[in-house]
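Here is the structure we will look at, set down as structure tokens.
To keep things simple, chains are lettered A, B and C as they appear, and every chain counts its residues starting from 1.
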Amino acid sequence: MNQKEFLILENLSYSYTDRIKVLKDINLRIREKELIGIIGPNGSGKTTLLKCVAGVLKNYEGSIKIYGKEINTFRRKEIAKIITFVSQNFSPAFDFTVKELIHMGRIPYHTFFQNSSIGDQEIVEAAILAMDLNGFENRRFNNLSEGEKRRVVFAKALAQDTTILLLDEPFAHLDINYSYETAKLIRMRVREFEKTIIGVFHNINMASLFCDRIIVMNNGKIIAEGDPEKVYREEIINEAFKTNCTIISHPRIKKPQVLIDWK
Amino acid sequence: MRRALLVLFVMCLISIFVLSYPITLVDDLGRAVTFEKEPQRVVSAAPVATDYLLKLDLSNKIVGVTSFDSYKEAENIGNLVPINIEKILTLKPDVVFTFGGFQAGEVEKLEKAGLKVFAINPRTMDDIFRTLINIGIIFNKSEQAKKLSRNLKSKMLGVAKKAYNVPIDKRPRVFFASIYQGTNEIWTCGQGSFLNEVISLAGGVNITGNYTGPNGWLTIGMEFVVSENPDVILTPYYYEGGQEEAIKAVKSIKLWSNLKAIKNNKIIPVDGNIVSSPDTRLVDLIVKLYKIFYSGGDK
Amino acid sequence: MKGILFKGRKLILPFFALGIVLFLILNLSFGSVHIPFHEVLLSLIGKKIESVNETIILNIRLPRVLVGFLAGASLSVVGCAFQGFLKNPLADPYILGISSGGAFGAVLAIALQQFVGWKWFSNMETMSFLFALLSTMITYFIANNKGKLPITQLILSGVIVNLIFSSATTFVIVFYWRNIANSTFWLMGSLSGVFWDDAIRLMISSAVGISILMFFSENLNAMSLGEEEAMYLGVNVERFKLLNFVLGSFLTSVIVSTIGIVGFVGLVVPHIARLLFGANHKISIPTSALIGGVFLVTCDSIARSLFQPTEMPIGIITSFIGAPVFIFILKWRLRS
């Protein structure tokens, strides 16, 4: 791993109100093409961290630099060409078609007078192909299954053609078969398209399978980070999630998996 | 001699100027309106205007009236507001008469459509006589108008002079009640309304004469009427035979059952089309009211 | 499947436009005065016909039909944009109280004209715009719940703002009725007595307003995914919302101060446009404009022909058609 560190968080703190700090002194250096998973209990600050990086929460303390430039000095449109955000809830107000939605990923590249840009068509085609959505182009979004809907959302994110994809519990609402299938497909495509991913995961076992590097958060702080084998230790998981667990290695994939004790 | 001739010449000039067209008059919206010739086709866009035209025997010139007019011998042009400009245009009138401030916006529209408009807005008895003369001048009937207005005025003053001689405390205390059934809203006439003047001229004391509202009209609470305890209540009816119903409406207000006017059966129905329209018919109303107030001779 | 009429849009659109022009010409022959259709055509191509009929067609009905078309188009586009960026299918200038705010401003300006010499405060269009903007803001802030606009809350706050400004309008009318034409005009709307100056004013404002919203149709698409989604797509959400509020208030106030309050157009038409041509704002904005124009011109033809020579307020007709659609959408949305 000798890629450049292009996203650097230094002494990052954030509070919604004046008193309680949701993030405390976060330091993180992220290299290109890394797949990073953030895990931790509810209220540990995972999503807040993600939104700070997305440039939505601007009045943070400390610094978030992307390619050497502070994130809150970017114009919204410039950020949208570098970072995209895939949230767990995606419900358009109107019944758009699949193709219309994926095309919306191109909006950051358009201007007031020009509602299209060179290469739109090719990139959208590629995104459709990548997410196995051929033949779905003119279907209506609301008529798709949950798994298909997720694929459309990711195709839109790929069409946005950004370096970084931020995922906020992207597979939370899916049935177990859909969620693992979709996750596998996305991991494969993200590698192909050479994207960097920072994702918040509820399912810590999936995080272990999906990510190169895991960050464990608790009470707004990073309590452990490193590759899954290093981080998935009983004392760390027990401390973060206030639970008793056993860690085993996946018999075929050799990645750590967490089993919760049932006393 | 030359001087005398010059004076004569100037006088001739003035007389031509005064007595012949074009005539320029200022209407009640303060607009100068010029008539190049005697108008032959007239649209009366408000029932009030129709009365003046009829009084001056101009019915043959009326080509259009609103659907609210009691005069039905001309083409119906629909509402007072919004005014139907298309319909009026097809009638090709030489002048359109409008009434009051609430049609002021319509005046502008009519003018944009290339029509000549004369707005009247009489608010006092004097205004009514002046309006009569103005309309007389427009139709080259100023002599007839002057004569008519003189007669009406003397008729009115004949009653008014008698009424003035009655001491204030001997005069009947009068309340005008226009009751909107269903909402129980009661409109009455206050300071500045022509009906207030009519009541005063006929020798009555209007119990709401100290109050006022838009154009002098206002709504009034029932309790106020109880506290004032009027001797006479006037109430309008709007169709022939509606008198009984109008009286019943006043009697149906329980709060008023002890009023002097109701106990003494002094509820007087008056023609609603007359009391809501400031025109020459009010003179007859004054005479009629005087007789009602002082029937049985002056005490 | 994009929309029922979407397939082969390049072929359909010119016919659609031609059909609309023919339809507008057809409407020139409706009214309280009967004018045969061939006379309408003759006068339009500059041939001499009877002078009264010519005046009626060229100076009364033509601007009237144009104002109707432009007002319907603008109201529908504002409705379409508001539904998109508020992510709320029931948003419309009337429901949100913008129209009543604008009407109050206009009526207040007329009332003030006799007291205040300073032109700015007695200018009808300016006052109408300021109060339209104010009412928009009030509705928005009452309904806003941590950045979300729940459907029911938005409607309730719209009802409240509507009530406040309608009462205020009636109040001003009661006190100054000598100067203010007619309360039904302001509260129910009428196209009676509009002329070329009104038509030209509306042409300019509609052209500016509608084309700006058309240029921003991609942002509207993004906004209809939700405010956060729009942000991630590079939309400056706060600025875009402000732009929509200002533009919507501007278009609405110009219409209200010309023809009074006309309800439900902005609500119903965008739904029809989306049903026929799909949800994409690049298409639903211009088609809303066309359908809205045709809708209001039709309503006006009904209003002026049904009980001739008396004209009905146009708001009655649009409400008769719009209210059932409103109820349908509300029921259907709350269920899903």
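The definition used in the following text is that a contact is a pair of C-beta atoms (placed from the backbone, for glycine too) under 8 Å apart; a residue touches a chain by one contact, two chains touch by 3 or more.
Everything numeric in this text was worked out from a predicted model, so none of it was measured.
**Student:** Measuring between mean CA coordinates, which chain is farthest from chain A?
**Tutor:** It is B.
**Student:** Taking the mean of each chain's Cα atoms, which chain ends up nearest the overall Cα mean?
**Tutor:** Central chain: C.
**Student:** Cα centroid separation between chain A and chain B, in whole Å?
**Tutor:** Computed value for the inter-centroid distance: 81 Å.
**Student:** Averaging over Cα atoms per chain, report the distance between chain B and chain C in Å.
**Tutor:** 41
**Student:** Counting only Cα atoms for the centres, state how far chain A is from chain C in Å.
**Tutor:** So the centroids are 43 Å from each other.
**Student:** Spell out the residues on chain B that touch chain C in their complex, using ranges where they run on.
**Tutor:** 67, 76-79, 81-87, 89-90, 92, 100-106, 109, 112-114, 214-215
**Student:** Going by the contact rule set out above, which residues of chain C touch chain B in the complex?
**Tutor:** The touching residues are 31-33, 52-53, 55-56, 59-61, 174-182, 184-185, 190, 192-193, 195, 308-311.
**Student:** Once bound in the complex, which stretches of chain A touch chain C?
**Tutor:** 54, 56, 75-81, 83-85, 87, 89-97, 100-101, 104-105, 107-108, 110, 112-113, 115, 138-140, 160
**Student:** Show me the residue ranges of chain C that touch chain A in the complex, using the header's touch definition.
**Tutor:** 1-2, 83-84, 87-89, 215-219, 221-222, 224-226, 228-229, 231-236, 274, 278-280, 282
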